[in-house]
Structure formats: C-alpha cells, structure tokens
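A, B, C and D label the chains in the order they appear, each numbered from 1.
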Amino acid sequence: MDTALTTGPAPEFEVAAWLNTPGPLTLAALRGKVVALYAFQMLCPGCVSHALPQAKAMEALFGRHELAVLGLHSVFEHHAAMGPQALAAFVHEYRIGFPVAIDQPDPDGPVPRTMARYRLRGTPTLMLFDREGRLRHSLFGHQHDMLVGSLMGRLLA
Amino acid sequence: MDTALTTGPAPEFEVAAWLNTPGPLTLAALRGKVVALYAFQMLCPGCVSHALPQAKAMEALFGRHELAVLGLHSVFEHHAAMGPQALAAFVHEYRIGFPVAIDQPDPDGPVPRTMARYRLRGTPTLMLFDREGRLRHSLFGHQHDMLVGSLMGRLLA
Amino acid sequence: MDTALTTGPAPEFEVAAWLNTPGPLTLAALRGKVVALYAFQMLCPGCVSHALPQAKAMEALFGRHELAVLGLHSVFEHHAAMGPQALAAFVHEYRIGFPVAIDQPDPDGPVPRTMARYRLRGTPTLMLFDREGRLRHSLFGHQHDMLVGSLMGRLLA
Amino acid sequence: MDTALTTGPAPEFEVAAWLNTPGPLTLAALRGKVVALYAFQMLCPGCVSHALPQAKAMEALFGRHELAVLGLHSVFEHHAAMGPQALAAFVHEYRIGFPVAIDQPDPDGPVPRTMARYRLRGTPTLMLFDREGRLRHSLFGHQHDMLVGSLMGRLLA
C-alpha cells in the first residue's frame, strides 16, 4: 500500500494543462514545501466521496504556507467522458480550489504519462513528497484521515 | 417544497434516450405502480451524495413489484460535460441499476423539455406518482429518508 | 423481524415511573394517535447511536398532533448502572424531550414486565401502534429511516 | 484550544482505580512512549460519539508499541449516575479495550483531582504527552481525525 518510488528527487509531472493556477507548477518550484498530490478521476466514486474531501480538509487544516495540495486528473478509462471541459465543470461544481493538473495523455495507450511514470495502480492515489521533492508515500485507495494526518505530521515536523 | 402539478394524470416524459431498460418507459405503461422519479445531473454534488443513494435504498427496500424507481437526467448547465456518453460512464461507475431517461434537450434554451414541462426548480428533484399516474409530490433538494419513506408508505398503502 | 403481538388492542405498559410528562400515559388515552414506542437501554450503543436519534427525527418530521413518540427504558442487564437517577442524567445530557417510561422491574428476574409481556428480544426495539391501539410492528435492532418512515406513512394514512 | 501546561515532565494522574489493566499506570512508567489520554465522561454525548471512537482508531492505527492510549473518567457532574459500577458496564458495552483510569474524586467539590490539576475545561479533552512525559497538547472538544493524526505523527517522528 505504501511504496517509495525512488530515493532521490521524484520525476516531474507530465501535464497537458493546469486548472486553478496562473501558471504551471513543478516539484522543483515547490521545493521547501510538503506536497500532497491526489491522483483522481472525476467519475471515480471513491475519489469523489473520500479523496477530494480529504484533500480539502488537508488544505483547511494545514494551510498553504508549508504545504501544497494538488490534484492530478489521471484518466485511464472513459476518456471521452472526462475531457478537459468536463473536468472544468466538475471542478466548478465541487468547489475545488487547489491547483489541478491534467495528466498528459499517451497516444499509444489508455494510461496517461505521469500515472505510468509513477506506476500508479488506480485512483484515488495520494502521493506525499517531502520538502526536498522526494516521493515518500504513494497510497492507493481510501485512507483514514488520521493515518494521512500522521504522515503529514512527520513530513511537516 | 411540495407542490402538486396537476390533479389528473401527469404528462408523459419527453425523453431523448433510455439507459438500463430494453425499451422506452411511459407513465401510462407503469399505471398500477407507484413511480419514484429522480431528476438529477451527473455533476450535481447533492444528487451524487444523497439523491442517487436514496434512490438505490428505495429500490432495495420496496422492490420492483409495486414500485418503479427511475432516473431522469435533466441537464440544464455544463451541457458539453454531461452528454449521453458521459452519462453512460457515470451510470456504470456508480452502479446505477434502475432505468435512466435522458431528458429531451430543447434547441432553444438550456432547460430540457421534461424539466420545463414539470417546472422543476433544479436538481435533485424527487417526483412521486401514485398508482393512477398522478404526480403527488415534487420535492426539490435534499430530503430526509424518513420523510421520503412516509410519502412512499402512503402511496403504497 | 416484524411480528404482530395480537390482533386486538395491545396490553398496557407496566411502568414504574415516567420522565418528561406531567402524568402517566396509557395506550387507551393515546387512542386516535399513532404511537411509536422505542424500547431502549441507556448503555446500549445501538440505542444511543441510532434508535434515539431516529426517535427524535420522527418527532421532528411528524410532529405531536397525530403521533406520540415514547421511550421505554427496559433494563435487562447492568441494572445497578441504569437506575432512575442515571436515566434522568442520560435524558438530560442527550436532550431527549419526549416522554420516557421506566419499565417495571420484575423482582423475580432480570427482564422487566413490559419487555416480558411484549416478548421483546432486546434493545433497541421499535413498536408501532395504530390509532386503535393495536400493535402493528415490533422491530428489533437497527432499522433504516426509510423503512420506518414507510411504516409510519401507512399508519398515518 | 491547545495550551501546554508545563515545560517539564507533567504531574502524575491522581487515580481512584483502573480498569482494563492489571496494575496502576504512571507517566513515569510510560516514559519512552507517546501517551494519548482521553478525559471523558460516560454520559457526555460528544465523548461517546467522537472521542472514544477516535481513541479506538488511534490504537488500531498506531498500535501499542510506541503509543499508549488511555482513558481518564473525569466526572464533574451527575456523579451518582457515573460511579465505578456504571463505568464498568459502559466500558463493557462499548468494547473499550484500553486502560481507563477513574479520576480521584475531590471530597470538597465536584471536579476530580486530575481534572483540576490539569485545568481541564470539560470533556472530552485529549492530552498528548511526548516520549519524555511532557504534556504537549491539551485539546478540548471535538478534534478532526487528521489534526490528531498530525500531532501524533510529530510526536512519534
């Protein structure tokens, strides 16, 4: 459930477009902050009912000073139903205020590029990066708020 | 919150297409059953978190012998994000087993035909029809399960 | 799960004392109203988390004009911990506003008199009486709000 | 909401009796572990619905190797309803498996001794002690699981 990808700085995200941010974000530019990245799909029930509310709670509890909460829309199924325009409507209706990246589609297959690069098993997946940009946790599925809080506490300590 | 539309049999739905049913359904053909029709939009948060689970609970509790639970996808905003293909993906991912009608779009405006005909204020709206096909309740917004149960109990009595 | 006790008027409750009412209540005096009686124990977790909130919701939804919501404290275990003084503290802390009867203890055994007379299997049990004072439903355990609502709807119809 | 009591090791608890432990526990003997102490009352609704389930979740998530979860029954009202025998029944019915201390009553007033010594404002209060036995957090009222997790994460780091 929790596998570190690498020991050095994690690879950058491959992103087709960003929502809720004036310009593209990179792990390099976020160095110094803890980064919580939620890979999700807008039509994934567990993402909608648990992961995205958890992401909102995280931002509300820890603020934006030491932590960056990001979404990564990693569509690997129902591509026609979850394009950029649909995502924009979803982000608006669900009042998502944090930056959301659209994972770069791969013309050769259903799995988008960042999802493949990070070997994600599905959505939701929560990835936690430390202040040095290293991937410290990659958690697939529904995670208890207290567990996520404890990992955040250790990274923010 | 609860306004009867008419005293006689309610007007038929205007439907572009149906999901989860071998053929079109009509109020006339459902005469003899109580009909619970949930007007919803797939990107409406209250529909997803409350109305559709309530519709599933209704079908599980009362069965299909005396009751027909139906969905009506009445899209009046974000039309490009909630087309038929997106709805099919949504119905699949959310394990919706009851028939779902796609409200007939109106080429002259954003509000689809059945929504306009029934003067719905938004989504979710629960419409309850008695065994004679008369609209008895039209309830906009989040409704307590116990209230809905009591209305069902009276109609099924 | 649902067994009618009798076909005629139900036997009266045997009650040691009442809380939240100026005088004793009887089924005979409540004739004309639907009566929802929740048998509970103050240290029964399912009673506290589900049955009593449901009783409050019932009173809030249907009011006191056609319906009487009552509690029946039927202690059959941990008697020393659930005496009248403890119950009064519980009723105060949990903001229970409806009348609560203390089931008459039986000097010869742990099961109090009304519980025995009505052959209750445990707590919580919801008993629903129609306007003629007949016991129509006796439901042991956690009941879905929608189911309870539908039974209420039929009895109030 | 969060006030450290002292900078040095915290004062020991004054305890009339312990449940769920073969012998008395002391902060001194728990040195080396993080200690999470939940002050509660068995008839306090917020304690029952939120704090005690949170204490159970904490033990389930973090185990007993590095963390000691304890209850402190600090009765300051309804004393007759919350005596040791009642508490034992409560602990049994609510399946509380961690050690629970009964705060030493004060013959001169309603507030028990540990509650007074730690200046608790009411129940529930969560007190977190670090591995050196220092009180690091004293949190009155309902606390978000993620917040509690983050404090635990920092103390366990």
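By definition in this document, a contact is a pair of C-beta atoms (placed from the backbone, for glycine too) under 8 Å apart; a residue touches a chain by one contact, two chains touch by 3 or more.
Heads up on the chains, UniProt names are A, B, C, D = Redoxin domain-containing protein.
Keep in mind that what you see is a predicted model, and the values were worked out from it rather than measured.
The set of chains in contact with subunit B as well as subunit C is empty.
Within the contact network of the assembly, the step distance from subunit B to subunit D comes to 2.
At the interface between subunit A and subunit D, over half of the residue numbers involved are used by both copies, so each side presents largely the same positions. In summary, the interface at B-C recurs among the listed pairs A-B, C-D or A-D; the equivalent pair, sharing over half of its contacts by residue number, is A-D. Centroid to centroid, with C-alpha atoms defining each point, subunit A and subunit B lie 34 Å apart. Note: centroid distance subunit A to subunit C, computed from Cα atoms, is 50 Å. Contact with two or more other chains is made by no residue of subunit B.
In terms of inter-chain touching, the protein chains here make up one closed cycle, each touching precisely two others.
Pairwise, the chains that make contact are A-B, A-D, B-C, C-D. The part of subunit A that touches subunit B in the complex is made up of residues 43-45, 48-49, 77-78, 80-82, 85-86, 88-90, 92-94. Residues 54, 57-58, 61-62, 144-157 of subunit C are the ones that touch subunit B when the two sit in their complex.
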